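One structure is given below, represented as structure tokens, and several questions about it will come after.
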Amino acid sequence: MSDILPEGFFAQVPAGNWAEEFVQNVVIPQLPEAVAAHFSVAFGTVLVMFACAGIFVGLVPLLPLVLVLAERKVAARFQNRTGPMRVGPWGTLQTLADGVKLIFKEDYIPPQGDKFLFLLAPYIIFACSFAVFAAIPFGQNILVSPFNIGIFYIMAISSVIVMGVIMAGWSSNSKWSLLGSLRSAAQIVSYEIPLGLSILTVVMLVGSLNMQEIVASQSNGLFSWLIFRTPFTFIAFFIFFISSIAEVNRTPFDLPEAESEIVAGFHTEYSGMRFALFFIAEYANMFAVSAIAATLFLGGWEGILPGYDFLGGFPGFVIKTLALVFLMMWLRWTLPRLRVDQLMNLCWKYFIPIAFFNILGTGIWGLIFPEDTLISISISCVLIYVGLIGAYNVAGRGLAQKPQPQASSA
Amino acid sequence: METTQQTESKIIELQPFADEMVVNMGPQHPSTHGVLRLELKLDGEVVREAIPHIGYLHRCFEKHSENLSYPQIIPFTDRMDYVAAMNQNWGFCLAVEKLLEADEKRNFAVPERAEYLRVLICELNRIASHLLSFGTYGMDLGAFTPFLYAFRDREKLLLLFEKVCGARLTYNYIRIGGVSEIIPMEPGSITEQNFLDEVEQFLDYFEPLIDEYNELLTKNSIFSERTTGVAVMSAEMALSYGATGPNLRGSGVDWDLRRDEPYSIYDRFAFDVPVAMNVPELGAVVGDCWSRYKIRMDEMKQSIRIVRQILAEGLPDGPVMADLKAVRPPKGELYFRSEAPRGELGFYIVSDGTPKPVRVKGRSPCFSALSALQELSQGLMVADIIAIIGSIDIVMGEVDR
Amino acid sequence: MEFTLKTFIFYGFALLTVASALVVVTVRNIVHAAFSLMVTLFGVAGLYVFLQADFLAATQVIVYVGGILVLILFGVMMTSGRLEMRLHIERGQLLLGGVISAALLMLLLTIIANTPKWKNLSDDGEQLEPTTRRIGELILNGQFLLPFEVVSVLLLVALIGAALISRKEVRD
Amino acid sequence: MTPEQIYEALVEQFGEAALGFDTQLAGDPSIYIASAAIADVCQYLAETDTLAFDSLMCLSGVDLNAKDEELAIVYHIYAMQHRHSVVLKTTVPKTDARLPSVSHIWKTADWHEREAYDLYGILFDGHTDLRRILLPDDWEGYPLRKDYKEPEFYRGMHVPY
């Protein structure tokens, strides 16, 4: 493959490239000898990889279809409703029907807007949302490309989404859109910092940016998962998860598209298929950040027991990811929305200092326990437990307390 | 006579390089509760000025009233505050009845049974109205679920109203001199006891839910962050702006017409008037959005209390309608105010002794409360504007009439 | 030089970079210029990949596209009420710009001429290793530690200054 | 205080400005005030401690009859502290409907006066922002006057349905 694709982009996976092995062991024996003699393994590998990528690109957009339906069903359950029930059995085809509706809707382009950028923006967001999936390991060998710099690549690509958002907001020539896109840009740029810093704690412990290596370092069962490895990664997980909710603009951080404030934010003026692209991208993002959180902190495709990876760990990975997605939905249908200044305060005054503290703590932890031992993990789990109890006593008390009943005088 | 001296509308000069962005919030906006238009002058997210423009729902109530007989006006009052139409009917009927009572030649009095029914139904309507306010306030602040919870419960109330008068939103149930009978939707489908049982069932179902809603929204820390300390309306300011009802009590003024100037039979019931207090745990201060919101949550409990007292007593026997041949108040004029869910609903009626009024002015609580918006919103953020509008709980049908 | 798919992709990126850079300097709409700059930066990131600098490529995208360009766009959108402001280039500016560009070009050409061997992807067989480790070692093992720290202090100063300037209005 | 006592207090303070006390008709008794003095009277009512009228419940314009030469403006004011209310009434000629504003005394008068201006064409001197509130800015005429004729067209739209 070396003479066709830039090799630096791919890591040399120590255990050997699965695609190469596949070609070597399965494809070439099948070929007639005359062909096989001239058949380069590398070329075959690239073909296989392209095919996989094709399947991926075909399959991944189906995710949002499922997730949209899931969101509606989850919301319905939260609200004592049934959700969509008419299209298909239990409403399973509802999203498809909505998609068809959106395709046939008028594709409105604001006449005063910037037409070129207006048309371009959804594609940028859509493309970036899906490019992220290339680096997410779904299973032991289920991965589009084992990038050397996997997690860094993901951050890079997802930071481009901001450009699409600004483009959409600006080119619509609507003040609500502009306000939404400015909010969104400020929010995403701000929350990228705690996000990145939380990732850094993981990278410090693992010593690699490669997603597969991060997963590999968590292969010793539940307590080798990075979330439990040190108390600091435990905090980092929550910062990461909350920041990623902010990154994907979901309640309580959905200010860029706060329908009760700025109508629909940056995609106010979009309709039809272009709106659907934003919509799909939003759900793809949601899945992507959950998948990343699962990979970084929850052992990725590695199971709870060491060495147990059913179907390459794929089902386990999907379950973990969907659990996080469900958590996001749960939050969305429970919480109100923050205000802009509160959002920024949360990021700059709480998350970033805590994230820096985490890095410091992780560094010190790494010095004290260079290797993960039973002792280090036990200490970590005990600290986490104590910390949780303490946090509940400090923060939870306020929640459990009832506000003073309003004075009443007859 | 034409004096057009001040009629020209203000023309906003376009200043291309100003820091200020002028944004039109509404009349078509998800959270302006109808068709309110706000002209926002923004500095980034900070609101320098929010100028309300109303009148998009002006239905010429006062002009219509001059050409209609008194009973014919009642359906028009339904359309004023369409989420608490019973109270609007009642407010108007009370004013007309007061004028009729002033006529010595008649011996006019509203029957007991009708009074009980009115209180019962209006308190239920107050719950429905506050529920809507609670739900939409949650939605304004980004929490969608309270909205559906509120609508689920409101639906049950609307079904009760439908059983009583056949309508779900614009009831025309309370008439001058009484109420229209409890009308069976189909023969034999509902009786008085049957109906009261259903009301009781609803109360049993609903009362614990208020606490649940408090858990869900009122005590939510994001919600209290968003609403506490925002747009504090002092008691003086509230009085000066004519804010009434929950908005006035939210500013710490202990005032409720039902208790302080009892009309109808409110003096027979025991109920508390919730008044805002500082809640330091949440950061709530008297007069902020949270206080105004909380008053409504607490008022629902008091309404339940009143309805329960009626249910315990049972409706007195007798007619539901006074023997009133024609509604023809004596020559005179009268202003009467009653406590509607959104505050004091006043009707000023000038009668010249004919069946049609000379002048009807509806003094709607939201109209006065909304005028405080401009002062309340200065220096706050766009999101706070939404929080204020929700907390003063406007219904544009009432503002614009 | 044999013409493979790789060279094709390389020239694609090169063309993209140069063309979009031309658009940046010629287009009159400032927002279009900024968005075009995004394409340029992407193209450069692509070229970095061909230089086996994967970390640098990703950094390029994060820092320039996700950070600096957003700031530029913020600046453009917030400082002027008229977003479609047209750019005017005066003759003096043109001259000055030309001189500076020529000097920069000379500098770059000198570097190109003096670099003994470009480590590029056509060098087959060489085992690739992650560049992050080497970058980290170079920065933290003393060789570039001082410049690195100086730059970080400078950035901190800039951060504080920016915060100070933006808070001025609140204080007044 | 009863309206009578308030009337007496006003007569004592303002003399001629308080023109009369009407208890003849059914309903609320009302105190007639000369239109020019209304702001002063209101100021006095609001600021005197024994009266302390701190809330303006309602401000309405009234046109009793198309043939009348005058428009009436009625103020319903209330004192929370003392729990007494009073009705003030004043009249202005239709040809020159103009009287002092009370919006500096009770802020709620701001919108109520705008409404009276909008529907009756009463000009309130001293009002800071007197423009139409319910009707469109370019509406012609004052619809609640009894002699109002609705226009045939408004911006090309047929008005009477």
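Quick notes on this one:
A, B, C and D are the chain letters, set down in written order, and residue numbers restart from 1 in every chain.
Basically, contacts are C-beta pairs under 8 Å (C-beta built on N, C-alpha and C of every residue); 3 or more make two chains touch, one makes a residue touch a chain.
Everything numeric in this text was worked out from a predicted model, so none of it was measured.
Counting steps between touching chains, the shortest path from chain A to chain D takes 2.
Ranked by how far their CA centres sit from the centre of chain C, the chains are topped by D. Averaging C-alpha coordinates per chain places the centre of chain C 69 Å away from that of chain D.
Distance between chain B and chain C, defined via averaged C-alpha coordinates, is recorded as 60 Å.
One simple way to say how far apart two chains are is to compare their mean CA positions; for chain A and chain B this gives 46 Å. Separating the CA-averaged centres of chain A and chain C is a span of 27 Å.
Counting partner chains per residue, chain B has residues 21 touching two or more of them.
Residues of chain D in contact with at least two other chains: none. Looking at chain C, residues 78 sit in touch with two or more other chains.
For chain B in complex with chain D, the touching residues are 1, 3, 5-10, 54-55, 58, 60, 62-63, 66, 98-99, 102-103, 236-237, 239-242, 253, 255, 260-261, 329-335, 337, 344, 346, 348, 350-352, 358-359, 361, 363, 367-368, 370-372, 375, 400-401. By the touch criterion stated above, chain B contacts chain A in their complex at residues 21, 23-24, 29-31, 42, 45, 138-145, 148-149, 152, 216-223, 225-226, 254, 259, 270-277, 279, 281-282, 284, 294-295, 298, 381-384, 386. Of all residues in chain A, only 2-9, 11-12, 114, 117, 147-149, 152-153, 155-157, 159-160, 162-163, 166-167, 170, 178, 182, 185-186, 189, 192, 208-210 touch chain C in the complex they form. Every residue of chain D that touches chain B in the complex is listed here, in rising order: 25-28, 30, 54-58, 60, 62-64, 74, 76, 80, 83, 87, 94-97, 106-108, 110-112, 115, 119, 121, 123, 130-138, 143-144. Across the interface of their complex, chain B is touched by residues 75, 78-81, 175-176, 179, 183, 251-252, 254-255, 258-263, 333-342, 398-399, 401-410 of chain A.
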